[in-house]
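Here come two complexes built around chain A, the first alongside chain B, the second alongside chain C.
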Partner chain A sequence: MTTVAADTTALPPAPHNPWRDVLTGSVASITFTFIAVVAVGWFWVGPKFLSFGNISIMGTFLIVPLIVGAFSGPALLSGVVDLSIGSMVGFSSALFALLISLGWDPASAAAVTLVACLCFGGINAIAIVGFGAEPIAATLGMLVALRGIAWVLLGSQGAIFAFNIDMFNLVSMTIFGLPLFFLLAILLTAIAAVIVTKTRMGRHVQAVGGDDRAAARAGISVKKVRVAALLLSAFGAGLGGIVFAGQLGSAARATGVGLEFQVYAALMIGGYSILRGGVGNPVGGALGLLAVAGVSNILDLKAISPYYVNIIVGLLLLAAVLLDRLRGGDAYE
Partner chain B sequence: MSLNQAIETAPPAVPLKVRFGGWGTGLMLLAVWLLLIVATGLYRQDFFSQQTVLAVAFTMSIVGVLAIGQGLVAISGGFIDLSQPAGMITASLVAVRLSEAGMPLIVVIIGAILTGMVWGAFNAAIIVFAKLNPVIVTLATNFIGLAVLFLVFQLAEVPLNSDIYHFGRASFLGLPAIFWPMLGLVLVVGFLLPRTKYGRRATAVGGNRAAAKARGISLKATRFAIFMAAGGFVGFAAVLFAATAGPFNPGSGNAMQLNIIAGVILAGISLAGGRGNFWMLLLSVGFLSTIPTSLVFFGLSSDTQSIFQGLILIIAVAIDGYRARKGTP
Partner chain C sequence: MRNLLRVLAVTALSVPALIGLAGVAQAQDKFKLGMAVGGNTCCEWMKAQGDVARALAEKNGWDYVELSNNNDPATALKNAQIFVQEGVDAVIQFNGQAASNPAISAVMKQANIPIVTYDIADPGMYFVGIDNLAAGIAGGEGLGKIIKEKWACNPDLVVSAEGAGAGIVNEWRTGGMRTGLKNICPDIPDAKYVSFESQGDAAVGLPAARDLLAAHPEAKNIAVVGLNDGGVLALINAAEQLGRADGVIGWGQDGAFITGDNVNPHLAGSVFYFLEGYAVYAIKDVIGPIAAGNVPPLKADAGDPASKVQPCPVTAEQAKAVPDMNERVKQLLAAPAGTAEYDLFCPNKG
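What follows is the complex of A and B.
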């Protein structure tokens, strides 16, 4: 009797096993979802689904969401959600297109646009970190305000044409048959993943999101981390807007509308939580975006109404939150 | 048991400062509202007209009723119900179909309210049984609901010359007929919530879940009741919406969402739950509904409206957060 008990208590800690992490970690469920989507695409649509041409089409549409997702991940990780990213993309593309149409060169137009985005991110940070505003509600306000500003910038026509041939060539460059910026966005995701999981800074961000009081007691400046995360998310959205304007050669009222839900739904499916910080991984987030894009692509190739995408995304979202809770997230009563 | 009853019947012991703070919200809202009215009036004399009053009262009606539902969810600790647009459009569609079938107005109203309550119960079922946060659940159900609605219909409208059509265009005592039910509902809910057992329970659950549970209040039952009641208000708002909107599509309700949330927060109904006076909704929704008309008189485009609404929401939430931070040392 006693020996058995002793045996079970004295069991050595399980050795680090990357394969078990794949099966149980925060990226596990999205890995399976992603494989399932690819499998469904392969069997239902056929080899065409995984052809370079098709992946290249998906990649082109994924560039902006991937960039925005990679930069807004740290905000989610540190426990503040920034809903204004969609409008920020719209605002950034409108301001950038306006400056280009006024004859500015792309580099200085981009610099001014990014600074403007950082200013609005700063307002978010003051309201949320400075005054203790509820992040969801405060950034919802910023979402609407920025949309208004973008629409005012776009003027009565509701669109600005700012086609710049150098920008367009740069953005639509391809390597190995895939869009260069898509590969860059994937590289960005990989860098973000390394920073979040392997560096001191990334661990600080996770600590703040996991338990801000404990993090504060451990000597981490919670305020600084959250301000930096909100500024980073604004910067990423600004960058996304500039790339968007470069891709389209114009900015319009619809640019970026609803992007925040598209990105956050995918990030949550990918293992992030918008209600508690400290969980999620940029790789999972990117896989979430790829999976949702895959679903939408399958329905598109099968000529099925795009509204079914929203239904599937909504159901996946609920399933993802349920999984997050079962994995140790806060139960709501 | 006796302790339980004592707590439920005793008037809440509120420090004088906090009670004054509640009225402070009202005074501040009134001052800001009057400032807006006076400023617009000084800029353009013709702002003071029956037309302005009609426009403001009209805007207030639907937003006000939806704000009651939103306020109930917030005060009971449910944070925000993001699925109001889908719920309202579903109930509006039911109202349209019922009036197309020639049903009398009362049947149309009951049908819409029941639809709203079923929608609320659907949300509550997911929230309670899966123990998921209402914000995410309602975000997802709104997503799913609107997509299904787009598959079901593209454009709907109540038939001309039906009862509900005339109700939407009638006026009573110089104001739109749809304004009076909103006023009555806000007054009744604001009166009953702090004075009835159920109202105090809802507020208690929002204020401190653990304490409410320890007192024997069923969190699940309260959550269900709150979401169904809030759904009922969404259903009634759907009647007012269908009566006045003309042809509408599944996306027509989205624009109201922000005004409703801003109205609830400005009224001092904390998103953290447990605190708030529903009568303040009349002032906050009134103020927010005056902004569009004022901007028109200032000669600003309707695009600038969203800038003001957004900034006001940020300021309101910042004040709410500052208060909550001061309240809990």
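What follows is the complex of A and C.
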């Protein structure tokens, strides 16, 4: 057996250097990536890339991923990954569209939809926290089940048309040239960042994800934190589905398919870890989504096949992991 | 948190500075056509639809912008917004995820940009497409003639490869094929008609097709109809895997898999739509007049389309005389303006 002695020759901590903090902080990689994407867009596409109109297009496309990302981040931070978020978005949009098509008013339909999503989030929580099921396995089961329920709700046509011009105009409303809901999603991300980094609740979530046994010894209720995180994740996905239905005027089988990969890839590029809790920041996740959307937009505006987006997202992901390692991995946490 | 705020501050300062330098794109004098291709990796013709539209736009001296809907409703809506931003004068789209069509219609209407949609109708869009019901009936009658000759109209099973996601189009095509089959073989009992969900894709529909065959172990002579060639092939491939393909005869729709060197021997025929060449119809009847300043009246109904594509039913034998898609595109682009692939290649012109 090998015993590792404390390294008494280790250097004392380096003096505080704000620039080094920027280079090594939890959102450093994604900040540089984001700036690089903006720079590439600016030089390659031209001024149009940063015009309000173009940012507005990207923003509209990002509303749902930003909402879902902001709400699913705490689950990742607390050490439980929720793979069912994409299907939850699909289910939520299907149920909401169905209720609207049956003549319900949007507020009641949204309330019922969110309660239903919370119920499914509760089932995730019971399986994972109550019975100790592996989060990936449990939420994978929920992913499949919710996709099936959505298909049943959508019926043989595979789609429910519930276009409502008032809802569409509400979701498309702009302020200062940018979509209102995009700005709200950014605000939501900022609030989530403050909660995660500045409040006791946020520190509890990070502590549970970092080391649940140590957190329990410190008096934190690991179960409560994880249940709350899973419910939040389901709520966010439910909200995303409702916004989707409002945006598209419909729900379809394709709604939300692959969204979990889109969101989690961006969150990982933004500094989160899927398998390791306690790491990540909502701002990094949002910058990850913005960077990926920026890449996609550049390819659109340069008329390059969108199939390249996946290659670039994969490379960004690899680069983020590599940068994380180069910076010392967990050392900065 | 401090470094986080610092990063945000740097970003917040730099982005508006760059935005401030942003100019407005120069006004375009030339007519500009936008094309949103379907973007489903299942089918080569989706990309070819864009290639043909691009070539015809260039022939007409127009600017051309192409985007892919990536088979995703949110992307299709985003593309509509990009077309508006790019200042296109008209748009053609194939949107396999038609649930986003109402929102796309609203965006285009707001920007006063006319839009043509292929094969899946929307009240706000010019409809260019096949007469799906006629295509279905023609295909069913083609299969019926073979069933009558080979099995005296007495198959063990008639399988429908449905694609419910296509909605009414599936009902017209697949239901139309059953109607056509009944026109030739009216005495096949209803109990012999069974369906599975193929989703219009040979690979995706394979498990459901295998399950259906497993549920009917006694069936030997099986006739297959469906939404498209891919869906019909799902059942044929499943039968091949189970060693039961000898008694399977299928007839597809769209003609995607009936030409080339590797046509499945159990696919007895199909109905060519020549999907890759739809831009000829769209440009001749809608986009061309718009470019010339004569906006045609909106015809959005599949029953009364802005331009109707002729279906071309063929047996596998007849299809051998039809070149593959790449060659067809080459010949189409070399043909005089307005010539459709139906005129060039259909061996059974009505």
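Everything that follows uses one rule, which is that the second predicted complex is superposed on the first by the 301 of 333 C-alpha atoms of A that agree within 3 Å, B and C clash if a C-alpha of one lies under 4 Å from a C-alpha of the other, contacts with A are read in each partner's own complex, and residues count from 1 in each chain.
Throughout what follows, contacts are C-beta pairs under 8 Å (C-beta built on N, C-alpha and C of every residue); 3 or more make two chains touch, one makes a residue touch a chain.
Not measured: the values here are computed from a predicted model.
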* Asked: Regarding the shared-chain residue A:27, is it in contact with chain B (first), chain C (second), both, or neither?
  -> second
* Asked: If you stack the two complexes on chain A, which partner ends up touching A:300: first (chain B), second (chain C), both, or neither?
  -> second
* In the overlay, answer first, second, both or neither for which of chain B and chain C A:310 touches. => first
* Asked: When the two structures are overlaid on chain A, which partner does A:323 contact: first (chain B), second (chain C), both, or neither?
  -> neither
* Thinking of the overlay built on chain A, is A:247 touched by chain B (first), by chain C (second), by both, or by neither? -> second
* Is A:60 touching the first partner chain B, the second partner chain C, both, or neither of them? -> second
* To do: May I ask you to decide whether A:42 touches chain B, chain C, both, or neither, giving the answer as first, second, both or neither?
  => second
* **Those residues of chain A which chain B touches in one complex and chain C touches in the other** => 156, 305
* Using the touch definition up top, name the residues of chain C that touch chain A in the complex. => 1-4, 6-8, 11, 14-15, 18-19, 21-25, 39, 65-68, 70-75, 77-79, 81-82, 85, 97-100, 102-103, 106, 164-168
* For the complex, which residues does chain A have touching chain B? -> 123, 126-128, 130-134, 136-138, 140-149, 151-152, 156, 261, 265, 268, 274-275, 305, 307-311, 313-315, 317-318, 321-322, 325, 330-333
* Residues on chain B engaged by chain A in the complex (per definition of touch) -> 80, 126-127, 130-137, 139-141, 143-144, 146-148, 150-151, 209, 213, 219-220, 223, 258, 261-262, 265, 271-272, 301, 303-322, 324-325
* Residues of chain A touching chain C in their complex? -> 18, 21-22, 25-28, 31, 34-35, 38, 42, 47-57, 60-61, 64, 156-161, 163, 165, 168, 193, 197-198, 244, 247-255, 257, 281, 283, 300-301, 303, 305-306
